[in-house]
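The data blocks that follow each hold one structure.
The following pair of complexes shares a single chain, chain A, combined with chain B in the former and chain C in the latter.
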Partner chain A sequence: MTIKLPAVAFRNIFRNLRRSILCAVAIAVSAMAIMALLSLLETMETDMATNLTSYYTGEVRIRHAEYEKYERYNPLHLSLDTEAVISVASDVGGVKAATARINFPANLYIDGQNNGAMGVGVDFATEQAFIDFSAIVDEGRIPKPGANELLMGKFLAHDLGLSLGDKVTMLTSTALRGSNAMTFTIVGIASFPVGGLSAKTVYIPIDRAQYLLRMEGKTQEVLLLTEDGYRERDVAQAVETALEEYLSLETETRAWKDLNMMYSFLSIAKFIYYVMGAIFFVLGSTVIINTTMMVIYERIREIGTLGALGMQGKELTRLFLLEGTFISIAGSTLGTLVGVLIVFILSKTGINFTEAMSGVDMEISSILFPRVNWFTALYVWIYAIIISSLSTLIPSRKASKIQIVEALRYV
Partner chain B sequence: MSIIRIEKVSRNYKTGATLVKALKKVSLTIEAGEFLSIAGPSGSGKTTLLNLIGCIDELDEGEIFINDTAISSMDKIEKTAFRRNNLGFIFQTYNLIPVLSAYENVSFVLSLLDISEREIKRRTYEVLMEVGLEGMEDRRPSKLSGGQQQRVAIARALVKNPQIILADEPTANLDSKTGAEILKLMKRMNEKYHTTFLFSTHDQMIMDYASRLVQLHDGAIVSDERRR
Partner chain C sequence: MSKRIIIVLLGLTILFLPVSLFAITAQEIVREMDAQATFETSYATGSIKTVDRFGTKESTFKAWSRGTTDSLIEFTSIAERGQKILRTKGSLYLFYPDAEELIRMQGAALRQSVLGSDLSYEDMTEEKTTLDDYDVTLDGSETVRGRDCHILILTAKTRQVAYPVQKIWVDKETFLTWKGEYATNHGRLLKKMEVLDTLVIDGRTLPKETRIEDAMKSNSATWMMLDTLEVNIPLESNLFTLENLTW
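Let's look at the complex of A and B:
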């Protein structure tokens, strides 16, 4: 069988195997780093989205129209009628679930000392659609409606030396700007994925929170989850319109992506990383560019011979481009596979950011479990091959411009 | 019938600030099927003349006609196509592709032409047999002796049935016995296929094989002698 150009290019790779391996490894390292870091970034993005929609804002958050303006004063009097708002919002197309929450700053009075905490009044029944309590409650159970019971973050319980069955008095300012206090029994201890939540949060039944805060029948916010196939922004708009129409209520109803700057930053960071990835590959490709240039000078006489035998310039370019492409394929395949393997191992072991994230107010879980995304793997693989191969085009074109007579004279 | 007509061809090179006149108004007519030796000492212009005929170097003055086509009228792509279809090259250092076997080195030239796979195979095996390399088709150049490598190079030049084969000092890297064998082989191929052979040499023994001997000195023809 007559040998074709790709076969010649393939065999040429083995002429200096060590150098070809070095080239492939440079590309592999780039591909591996990008694969692992993109997976981590994607995991952070997904994790942040999950945490935000579960523990912070839902997919759509409804608040009193004036609330944000006075938020720093904890304006609990700017509240919503729980039943009416949930009733209207639930009837809007695309709304899958709704729940009411009241977030309030509190002090936990223990042994004559006040300890700052964040109280959250929730309807544990409707909250199940947002938070999988069974997955986060380490000890005990969730509080019962109507009972003075609370679920405490694990780190907070640890820091305060509290355990199941202990009683704790919660002091806070009411919606009427008075002070109030109630004593709760710890019935559950939970490990929230976000370290900050575990370190400062206590969950109590919403009816008890309403009583404590003098907000009977009222809520600070209503959170919604949307059906698949609906855009959160569209649903938010429809809910806001419905509340205005049916309750003559002006609200600030917004989709979660519009509420979280950090998430937007993460999306921007991801885009920037894609651009940096390209630069990374170009840097990795300098090895292959350099090697191709060396190979061309080493084989200059051979190039002259091939030219004399009637090989066109574009065929010479193709020959060296193919060599670069084969090395790129080998390197990017190896790098992507190693990257996938690293991500797979990390998906089992997790990456513990507890120390690194302490003191950082970010809605990212303390332990991240990156997942292997085959689309990302395919993207990195193709990306690496294209950029590395195109890099060899620059020196490969040089081969076609070499003067045959000069090349044949070259010793 | 003349196949190559060289008319007052000059070629100059610059070596630093020095202008080297490699060929000075050389004129020569070569008939089809000739077995012509271009002889002369180093620096006499033998290789330059072969390079110009082979369309791999540029003329400064004069014209070369091959089959009445002026080579200076051809652009780079046309010259490449011309070489591919009409010329065969044999080099002093064989210049085989090291990653290809003897068979592949020869057939690779045909793969650049529009020839069927079957025909490539037939012609390659035939020419390898002609040059005495039967059974060595799968050997790579590193596994062949100098003489065998030059036989592969001859086969590579012959396989596309070119009108002209240009050989630049084809025996310079071989011992005298092997060199003589190579010359005999080239002569036999010349007689069998009527291919025009032009080869440069400065070896008297090799010159004796030529049917025509053109002597160059300092870029000019000093003698042109036809032999039996």
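Let's look at the complex of A and C:
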């Protein structure tokens, strides 16, 4: 029997337009939701990667080999020689930038009360490759080397009732396992993208941190950025080997992806979302399955007639499969386009997680700006079509198994 | 009755008088213990050595005291040179050369470790007014480092003290506290102290070397040693004031 199946299938869609629209909408809603979810997750992943490499670990982090083992004791004496380590590490192929940082727990003594904070000693000059301080300083300026000046997180300043020009005494434990305190003037207030940083950190010049912590010439860690085209793990391995070879120094030199559990969780979460996406589409497809089955039962006499006229079972299956596929294409296209539109609007307005993230210690920015990823859009579109179309295969196969005589007797 | 018989009877009476009539009470022991450790004024130099998982750390200090409540410690070792701890009645202040204000320690902060040692700020500047803060009972006697000692149980009257329960071994002759175990109300051991060496000043026996172990820290112990001790010496009247601290 010669018949143009796609044309017939396409025409059949309009035989009950409202039902076809319902099917398409169910698929469209699934596609739209998955498109928006994946875009948000990708944005979170990218944002977290940027924050981790900028504010926390660099792309490669070098620490004393034993530091992590005793980390809960704040073992600042397990330090590195700043100049020697940076000099050797910078000469390793693939290293683009290096900076020294000292992170230390501190108490800010205000009106007779100790207020917990996280101090960070940084070299503001070399930090420019990692953190664009000028972009995050809301008020004032960056502290000058050699001066008892600090840059304070915006929320911390607000919580403590401090402003530019105020003095604050910082009390902390030293690398010699004693205690020390120094008074600093607040010269800058910064809005860090991560709420946790704005709520608890103060940045001081590294030379002042070394003096306060009795770590002259030493640093807690050296962070590296890598050149494009180099794998962080390879660079970390090369730097570790170089430090051992030239300085006889055993270090814990690791790539940032190996240091951050949360990032690994996010990657796992992304996979889970893909699985969830498939489940969403299958759920959306139940409408198509149901509709196709109803159509088959409604048209059973027609199927019998077509069979009597010589249409093969396989052709009948293809006919209903094509109907389902056309509806899937329409639904997926609509859903993906609406999803892209939503993401585009959110990329301009942003999603504010400040309230939701307050008190949550996670390296994700308080305000996220999802970006349209055309690869994701294409993926969602194809994914939706394939799963929805395959779902119609189950009822479509039933059409091929109908006995012609039985079908013709069916009223 | 002959004179001889009277003397014999008197002797027998004294011999068989209840022992308790002569026995010293727990309160008297503590009062004497505090008195032996308190001078009108004193000046000492010494060191604190702490051994923990990271190695050995030694700090040196100078210390002045007046009466039962005032004390001032100034650290002289390079790492913490110029840092001071002042305790006057009811208050404890820290002075750091690079800080523009004094830091007043209060509440739980007083129990923080001094220079990472097993000593807390309260331990360093303890007031010698034990009976004001503790009820005391006698719990027998025991020999410590060859010395016969009373065992005393001190139970805190208030919550303002670092150690709710103390068990101390006090020398029956010199009233030196040779050993101490400090615990919570529930009997959880917080700290242990033992005197390893003594010196005699002004007829009183005082600790020269003391070992302190914080039960909350593993693999850690602190030795506090006195190199010199002068007592009842003239001290400037403003030595224990906040104004003097910031100079």
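Before moving on, here are some points about what is shown:
The working rule: the second predicted complex is superposed on the first by the 408 of 411 C-alpha atoms of A that agree within 3 Å, B and C clash if a C-alpha of one lies under 4 Å from a C-alpha of the other, contacts with A are read in each partner's own complex, and residues count from 1 in each chain.
Going forward, a contact is a pair of C-beta atoms (placed from the backbone, for glycine too) under 8 Å apart; a residue touches a chain by one contact, two chains touch by 3 or more.
Being a predicted model, the structure only gives us computed values, none of them experimental.
Superimposing the complexes on chain A yields a three-chain arrangement in which chain B and chain C fit side by side. Of the two partner chains, chain C is the only one that A:176 touches; chain B does not reach it. By the touch criterion defined above, A:144 lies against neither chain B nor chain C after alignment on the C-alpha atoms of chain A.
Judged by the touch definition given at the top, the superposed model places A:15 against chain B, while chain C stays out of reach. Legend: residue contacts after superposition of the two complexes on their common chain; A:75 is shown touching chain C, with no touch to chain B. In the superposed model, A:312 lies in contact with chain B only, and not with chain C. When both complexes are overlaid on chain A, the residue A:231 reaches neither chain B nor chain C.
Taking all C-alpha atoms of chain B against all those of chain C in the superposed arrangement, the shortest distance found is 85 Å. Chain C makes touch with chain A in their complex at residues 50, 52-54, 57, 59, 79-80, 83, 94, 96, 98-101, 103-104, 106, 109, 115-116. Here chain A touches chain B in the complex through residues 1-4, 8, 11-12, 14-15, 301-302, 304-313, 315, 404-405, 408, going by the rule given at the top. Contacts from chain B toward chain A in the complex involve residues 51, 54, 56-57, 76-77, 80-81, 83-85, 87, 89, 91, 93, 95, 97-100, 104, 107-112, 117, 120-121, 156. Of all the residues in chain A, the ones that touch chain C in their complex are 70, 73, 75, 77, 109, 112, 114, 148, 167, 169, 171, 173-174, 176-183, 211-212, 214.
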